[in-house]
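Every chain is named by a letter (A, B and C) in the order it is written, and numbering of its residues begins at 1.
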Amino acid sequence: MNAVLNLLKPFASLKLTVVLLALSMFLILAGTLAQVDQGVWLVVDSYFRSIYVAIPFQLFVPRKLAEIPGVLPFPGGATLGVLLFVNLVAAHLVRFKLAWNRAGMIVTHAGVLLLLVGEFVTGAFAKEGNMTIAEGESANYIEDTRSCELAVIDGSDPKDDLVIVVPGQILEDAAGADLSNGLLPFTVRILEWMPNSRLLGPMQASPAQLSRASAGFGKQVAAVPARVASGVDGAGTDFPAAYVELRSGESSLGTYLVTTQLRSLQSVDVGGKRYDLALRFERRYRPYTVKLVDFRHDRFVGTEVARNFSSLVRLSDPAQRVDREVLISMNNPLRYAGETFYQASFAPDDSGTVLQVVRNPGWLLPYISCTLVTIGLLWHFGIRLAGSFRRKLA
Amino acid sequence: MQIRPGAVAASVLAVAALGCDRAEIHSYRVPKSAESASGADALLAGGAGENPSLPQRRPSGAVSWSVPASWKEVPTTQQFRLATFDAAGVEVSLTAFPGSAGGVLANVNRWRGQIGLDPTDDAGLAQLLTTSREGPTDVSLLSMEGKDGKVMLGAIIVPGDGQTWFLKAMFVKATTDAAKADALRADFGAFARSFRLGGTPAGSGDDAAAAPASPTTSPTTSPSNDGASIDARLSRFKPPEGWAVESGGGNIVAAAFKATNDGGGARVTATSLGNDGGGDLANINRWRGQLGLPPLADLAAVERSDLVAGLLAVDLRNADGTDRMISVIAPSGGSTWFFKLRGTAAGVEAERAKFAAFVREVAQGGKP
Amino acid sequence: MKSFPRFFPIVVALCVLAFMGSAIARSFAAGDRARGVALEDIERLPVSAGGRTKPLDTFARNTLLRLSGRQTFEVDDARRSATEWILELWTDPSAAAERRVFRIDHPDVKSLLAISDTARTRFSWKEMEPKLDEVVRQAELAQQVSRKQQDPFQRAIADLYGKLSEYAEVRALRTPYVVAPLAAGEEWAPMVVVDPHEKGKTSINDSESARAFQAILVTYSTGDSANCERAVAAYTARLNASLAPEMQRGAFEVVFSRLEPFYQSSALYMLAFLLGCVGLLAAPISPDRWKPSLFRAAIVVIAVAFVVQTFGLCARIYLQGRPPVTNLYSSAVFIGWACVPLALFGEWFSRVGILSIAASFIGFATLIVAHNLSASGDTMEMMQAVLDTNFWLATHVVVVTIGYSATFLAGFIAIFYVLGGACTRLLAGEAMKALPKMIYGVICFAALASFVGTVLGGIWADQSWGRFWGWDPKENGAAMIVAWNLIILHARWGGMIRERGVAAMAIAGNVVTAWSWFGTNMLGVGLHSYGFMDSAVFVLSAFCLSQLLLMAVAFVPTAKWKSLQPA
């Protein structure tokens, strides 16, 4: 045991705690400033959930004053989190004795550990998505606008559709190369991959741009790359697009434009069999359906400030014999099948609702953590304060 | 070997990193959906925030229009064409694109190319277009004749939903008789002008919210198009001698004059209220109350004054005769005007004739 | 006279109470009369603007404040009430057009308006009328550029255009909504509605309350004071029957506006600060008589200011039906308020007097910040749906703001410690030992409050949209405060810093808190961006620079500190 403790001693140092806290503070500052130019999710992934991050010096100096090149290599949030975790555990193992007057600190630190674990679990396992439903329509899938997928649909079976899905990450990685897989009925050659794109209508695109596609709507509209969305513009969603050539064996089935900005399916004929093709935001299908019965957006009289949003939905899950109406409003989510549906936003002109759907197995951890830390701090400072009182009154 | 917390933590991390979310090509089965490749409505993303946009319906929840009675809608085969109509043999197409869709000049030139005409420039464009504003919608109409007698009618419509709508019809002059061509032009124009943002086309709709008034327009009495309205006559009215303008141009008290005379003077006011102003009886009783008189049960009991022919007028005096009021009620269009003369009994008597002339001129358009 | 110092605090207490008493009496006293009509009942008539039902007095004050920077206007060198102004605007617009109610500072705007008297800052509509077209043209040009990129002239002209539009809207009675909902199911409506079918045509509401309101205006305009007051009384009675709770709140709000409790308490804090500073300066001269006397007087004044400010906050809670912190303005008021009990508690512990100086300084500084934030109009604006009252939100906002207060308090005590200790002899003796303990104690409290407050915010976020922590700039700012307080505590426990170091880091805590409170709003990103201020960037930078300079003083070696030199 002593050997272990000796090994842990350097990790248990209070100086290390102070250094790690200072580094974390700096990282948080950098991650906040970075959100001026980049979308929050990009920043979260690259600063706070990463092992290492290159912080540009330019973040700290307004461009108008000076242009500063170069980056500062820095440990990412995951690294600092793990180190803090180790530091805390080591400190307790090495130094802390179990005593009543130390109980407050132990409980507090346990709560802090739980908080770190909670954020880690959330980062790794939580899934968020949207359900956008027009009034009167239904939805049985959740969309994640942070990632996309190429869907190839085989509708030949009269009972249901077979959907083959190629995650966007694979498309991005395979740009310029051929992508083939046993599941796909053809080979996909990615001619150009655009992480964010703009659509040019028939009047705006040049004939050269419109001739890139040989079939489908790519002959009437074209896509051009656009800057990846940043936090400050408000529009946080990227719309990926790509030009792909589909090949079956030696012959080409055509070059198509696929884009997340258009919901239309395009059909491809492979040896007499028809497949439908679309690039869409990642979908997670669910065995239940949510139908938007009525969407209400009340505003304060004479203003556009929202007084309340609410969506009256009908939840139906035949397998579970569920068929009921539920009102989802601000601060009143629907919890079903391990997922929580929040009233997040609405489509233009109040024509539909946007529900935020969250699944987070670690959701309870911050609550437990908060309770522990509060009890611990009150206990610890309470004892100190009581001591001061006694000394003062004595 | 002792278990070291650090190693445990590290390995947990490694396992988790390996296990989660490795993207792979996979497949699954889903129930049949309504979407299919042909005839699907094009969905053009709005792009605001994290909301993927909704499928467009016809008429879309945002913009609506009214189709001329003799036109028939035919199924659309092309993508991006939102609707096709058959107007007595002539094909009319309707499309919409986000934003400015390349601009008016580019589109007009494209159309010119389709009928064999050379492109024009901004100056030429100005000659071609007839632009009008229908409520909140901007409509630009044009008619061009190209090679081989091809005639093209075009309309570029901006209803304010963030898109530009294009309406196009083409026919050959030689094979179309004049009456049909005229009817087509008329229907085409009417259709183009019927586009509206909101539920109901052409006329009503949600665009009622007032935009902030331009500060240059003094938002006084409503500048009605009818030059003979009370508003207009009131603003043109020249007060007679002895009447000083006290205030004017408000929304409630449209005009007020102070009349000086030997009898002690009097005040003249002109105010208006929407619709029937609450009802004649209610107003008369209110005035009676101001003079300390008891209210009347119905209009039959009201003693009318014959001050001005054709208008209901009352001449009220308080109990001791010191306070007198003559009021005339004049309905006008969607509102009701009230003309009042108020003062001491003698003062009012002295101004009675001038007041009657004032009411006749302003409320009835009689000679000044 | 030798025992005067002993009675001094009592004398001060009596003066201050008399001052407050008269202010209270004045706010309950009958209001002005105009055109022979008592305005008080008209002031209480409810209207709806910005979605909130408020007394006409409040609407008039807010509008006049936005246009002219003042809540009153001038007639022949006398100050008249905002309600009188708005009544004149409605009943005699041509006379109202001559009132100087538009505040213009930019010299280029003044020259554009061809105004010869450039020393003045307030102008009338009539003076500007000849050049209105040019103003509109310039404003339209300016509005094509995004606000961040506008130059000062463009910003000034865009502001002026906004003011002119607002004035036109009010004059035309399209705002506020004055037609009250007297029957069930009715909503507030404007008196004048623009016709959706015919451009330029307006129609006037004819419902019962519209007619009653009209009667009031008509009789007011003709100077028929007796009937005007009768009409007002009749309408008020009708409103009391249908809208009793709004009428009650409205009457209270009128008194509240007249009382201006936050202005009174900022003046009192200023007085307390002066008393405390004089007491500090008197320490070497008269340490046994005047020093404790002045400090006691300062505490008395702070106590009165605290009571007044508490009343103000409670009044806001009653009027809004929400927790005391709803926007940037109320957060500023609350920060100052929360510092006082903290400081007084510490004062009881340590008896150094510095805490009361720090608290009174924070009190009046935050109230001045609040005052500047109130210039944009209604400080009791309606909150959007996601900020609906909810236990977690209410507790989060209050606790996190207390955390801000505590961090600021520690920082200011540290400033006094550093400046007083290094540069003067005023703190020699007890103070030099007690102050570091106070700083440490307050930082412990700050760590607790800011941590709990931040976590409560996370819980609220989790309840509202399923995400406990979103790395939003405001959330990050709060986390930075927690981190900084923890760094100070752990560094002290680890022996890495001592009194000087704790003080220096506490001063740095002011910078971190100012960043979290204001700086994050200026980035314009994230869910918390509900405040946008231009000149505030300059003020914030200046503040941070000042704190850094003070920290530099802390690095003077202890041996050189004047208060630590042997006597």
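We take it that a contact is a pair of C-beta atoms (placed from the backbone, for glycine too) under 8 Å apart; a residue touches a chain by one contact, two chains touch by 3 or more.
It should be emphasised that the depicted structure is a prediction, and the values quoted were computed from it without experimental measurement.
Chain nearest the geometric middle of the protein is C, using mean C-alpha positions. When the C-beta contacts at B-C and at A-B are tallied, the pair with the greater total is A-B. Spacing of chain B relative to chain C, judged by their CA centroids, is 40 angstrom. Between the CA-based centres of chain A and chain B the separation comes to 43 Å, rounded to the whole angstrom.
For chain A, the set of residues that touch two or more other chains comprises 344. By the touch rule above, chain C contacts chain A in their complex via residues 48-52, 175-177, 187-188, 190, 349, 382, 384-386, 388, 390, 444-445, 447-448, 451-452, 455-456, 458-459, 462-473, 476-477, 479-480, 483-484, 486-487, 490-491, 493-494, 496, 520, 523-526.
Interface residues of chain A, counted against chain C in their complex, comprise 13-15, 17-18, 21-22, 24-25, 28-29, 31-33, 35-36, 40, 43-44, 48, 115, 118-119, 122, 128, 231-232, 299-303, 305-309, 330-331, 333, 340, 342, 344, 356, 358, 360, 363, 366-367, 369-370, 373-374, 377-378, 381, 384, 388, 392. Chain B makes touch with chain A in their complex at residues 2, 4-6, 9-10, 13, 16, 20, 23-33, 35-38, 40-55, 57, 61-62, 78-80, 97-98, 101-103, 106-107, 110.
The touching residues of chain A, counted against chain B in their complex, run 1, 3-4, 7-8, 11, 78, 82, 85-86, 89-90, 93, 124-125, 130, 132, 134, 140-141, 143, 145, 155, 159-167, 169-170, 181, 183-184, 199, 201-204, 217, 220-221, 234-237, 239, 260-267, 276, 281, 285, 344-349, 351-352, 354. Those residues of chain B lying in contact with chain C across their complex are 135, 203-205, 207-208, 210, 212-220, 222-225, 246-253, 256, 267, 269, 271-278, 282, 286, 289-290, 334-335, 342.
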